[in-house]
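Okay, got some structures for you below.
Both of the next two complexes hold subunit A, though its partner changes from subunit B to subunit C.
Our next item is the complex of A and B:
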């Protein structure tokens, strides 16, 4: 049964995005807020807000019991968790089910098994999805050389018993694999009492590529193309684009098929993203993980597909099937998204909360802004620093970069530090224009150049 | 030896009453006998029991009840009834939940209007998903108003009690 009154268990731009999608589908909306978010943009738009608790997320947005109690007490029959916070905690859909509330997301068991790295790899393997070539039990130096030769160098050797980067060695040939085994194994014995090592192929210059999926929970899955999210700092994405033009068509097709096969094999329901590592040199991709929620960067897929993913989420949660078949999904042009954060790149990305004294975003053809900010808005210091996402769409990647540059130049924000200037630097860099980037490019190349220039 | 349930078990009486209530078609039945209190109602918005728990005989209506219109941003001075003196201080809900004035159904409320409370006294319960947490007074005084309804959802920061010193 279609959702009549939706509870939005999130904040910031995604809360606003969900409220608008729900209102477009004629749903009533109830927004959970913390004390710090009573006057948020989403709060002004909804039919009702309920104040969960104090500003600290642990006592408001991160308390599943509090959230579901509020949803039930306010008469809601559906709950959208957004991203972050409780969105991938199986307890939330379980509490929803126990209270007769439709959860906008996958089944709790699916969330749980995909959230477990070992189980998820097993499910991927069973569905025929390629994994990083590797070997679990390297017990001797001779083993290390033999397996390294088989896998292909460079390889990463690490303790099978533990993590945390201790006892990790990168080997570029058979001799290094043997020497590396002795070193890593000794460290592993010292740290964990077990010298057995795990070996996998090391990809020094990888791209992060992911596929946007939507499932009906009965084995039907459609994809909305892939996204390239290789501009990252400390594993945080800064810029995302669609499609991944660095990937040839035949690989792209395999990528989509792999992602859909995995999702179909678990009867995946609602929106999800299958993440891959793309080894450009070898022209191979490997499974990383599945994110069982709507993602921050979903708008680039919406821009190239012309399809509203959040509305589809709400329809599916209300019991509807997929509203499109794969051949009805057509992807056109190129979209790029910049995450605008209230951070100061000149001060090592120090968060810059405070009041916005000027907010003058760009407007025009092919420009979309997903933001909860406005002039006079306050960025509280309690949550993440993202203040908006600027998305552009144009017929080609080059045209999209030009449009993005013009839009960023027009974007005036005062009162706080932002990453707008850094985004202009990134997209103006010859490596970005030539699409020669990888997941460590921003830190190793651009930010290193910046530091060198400043010194 | 197993205990044979007697016909006099109170649950059986309630069951009979519920059957009669359903058959009768009356809207609300409120029964009070000694320490026992029972409210049967076909109206989900019926006033709640003095002790705190509420029994709703009718199924929850298929259509959700209409939403309270405005965005609730309680400001103590603005929402407190006029009977609250200007010098009163407010004890507010620490988080969202269901507000209960008594430690258990049928028991006497922790505090009544006119009662005096000391710092650290438990003055109400806030329930979140069957987890009941006692709220302790962070100031002393005489209760001049109880600002939330027993059994109702209260939001974080919503005024519960008004006190005056002494």
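Our next item is the complex of A and C:
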């Protein structure tokens, strides 16, 4: 049965995005807020807010019992968790089910098994999805050389018993693999009492590529193309694009098929993203993980497909099937998203909470801004520092970069420090224009050059 | 003279930024946990530091209360449905239950911040009390 009254268990721009999608589908909306968010943009738009607890997330947004109690007591029959907070905690859909509330997301068992790295890898292997080549149980130096030759260098040797980077060695050839075995194994014995090693291919310059999926929970899955999220700092994505123009069509087809096969094999329900590492040199991709939720960067997929993913999430949670077949999904042009954070790149990305004294966003054809900010808005220091996402769409990647540059130049924010200037530097860099980037590019190249210039 | 390194300088800058935000917003307390460290700031007369407080399940650790003339208003420490309120005229000791909230199938007693007499009910049984909703008025 279609959801009549939706509870939104999140904050910031995604809460606003979900409220608008629900209202477009004529649903009533109830928003969970903390004491610090009583006056947020989403709070002003909903039919009702419920103040869960104090500003501290652990005592408001992160308490699944408070969230579900508030949803039930306010008469909601559906709950959207957004991203972050409780979105991938199986307890939330379990409590929803026990209290007669439709959860906008996958089944709790699916969330749990995909959230476990070892189980998820097993599921990917069973569905025929490529994993990073490697092997378990390397017991001698001769084994290390033989396996290294088979896997292809460089390889990473690490302790089978432990983690945390201890006993880890990178080998670029057979001799280094043998020498590396002795060193890593000795460290592993000292640290864990077990010298058995695990080996896998090391990809020094990889791209992060992911496929947007939507499943009906009965084995039907459609994809909305892939996104390239290789501009990252400390594993946090800063810029996302769709499609990944660095990937040839035949590989792209395999990537989509792999992601859909994995999702279909677990009867995946609702929105999800299958993440891969793309080894450009070898022209191979490997499974990383599945994110069982809507993601921050979903707008770039919406821009190239012209399809509202959040509305589809709400329809599916209400019991409807997929509203499109794969043949009906057509992807056109190129989209780029910048995550605008209230951080100061000149001061090692120090968060910059405070009051926005000027907010003048860009407007125009092919420009979309997903933000909960406005002039006079206060950025509380309790949560993540993202204040908005600027998304552009144009016929080609080059045209999209030009459009993004003009939009960023027009974007005026005062009162706080932001990453707008850094985004302009990134997209103006010759490596970005030539699409020669990888997941460590921002830190190894651009930020290193910046530091060098400042010294 | 104390040597201050970059980390300490950053921690001080963070604390200053948090203090500015707290003063500008009118909040009584700011509690931030992050990778670079945890911060807790509170205005006079201060309150329990949640970073040091032990987790409890069945009793609210810090019921919100505000002085109101010679009486005090006890407020809900989190969202919950009002299941019971202590009778008007009833005497309570400090820490004694003045109200009970249910959260799903769990009941939570809201303790009094000081000894006194229940002067009035501000909330009604079966109300959905949100965080900081006044529950009872306590005369001391």
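Odds and ends about this structure:
Here is the rule we go by: the second predicted complex is superposed on the first by the 455 of 455 C-alpha atoms of A that agree within 3 Å, B and C clash if a C-alpha of one lies under 4 Å from a C-alpha of the other, contacts with A are read in each partner's own complex, and residues count from 1 in each chain.
Everything below uses one rule, namely that a contact is a pair of C-beta atoms (placed from the backbone, for glycine too) under 8 Å apart; a residue touches a chain by one contact, two chains touch by 3 or more.
Given the structure is predicted, the values throughout are model-derived calculations rather than measurements.
Once both complexes are superposed on subunit A, the partners subunit B and subunit C clash. Of the two partner chains placed around the shared chain by superposition, neither subunit B nor subunit C is touched by A:174. Looking at the shared chain after the overlay, A:134 reaches neither subunit B nor subunit C. When the two complexes are overlaid on their common chain A, residue A:115 makes contact with neither subunit B nor subunit C.
When the two structures are aligned on the shared chain, A:50 is found in touch with subunit B and with subunit C.
In the overlay built on the shared chain, the residue A:361 is in contact with neither subunit B nor subunit C.
By the touch criterion defined above, A:154 lies against neither subunit B nor subunit C after alignment on the C-alpha atoms of chain A.
By the document's definition of touching, of the two partners only subunit B reaches A:76; subunit C does not. Touch criterion met: A:66 reaches subunit B and subunit C at once. Looking at subunit A, you'll find residues 34-35, 50-54, 59-60, 63, 65-66, 68-70, 73-74, 95 touch subunit B in one structure and subunit C in the other. Listing the residues of subunit B that touch subunit A in their complex gives 63-65, 67-68, 71-73, 94-98, 127-129, 131, 153, 155-158.
Of all residues in subunit A, only 4-5, 28, 30, 34-35, 38-39, 43-44, 46-54, 59-60, 63, 65-66, 68-70, 73-77, 95 touch subunit B in the complex they form. The touching residues of subunit A, when paired with subunit C in their complex, are 34-36, 50-56, 58-60, 63, 65-66, 68-70, 72-74, 95, 99, 347-348, 350-355, 378, 380-382.
Those residues of subunit C that touch subunit A in the shared complex are 10, 13-14, 17-18, 20-21, 24-25, 27, 29-33, 50, 77-81, 102-104, 106, 128, 130-132.
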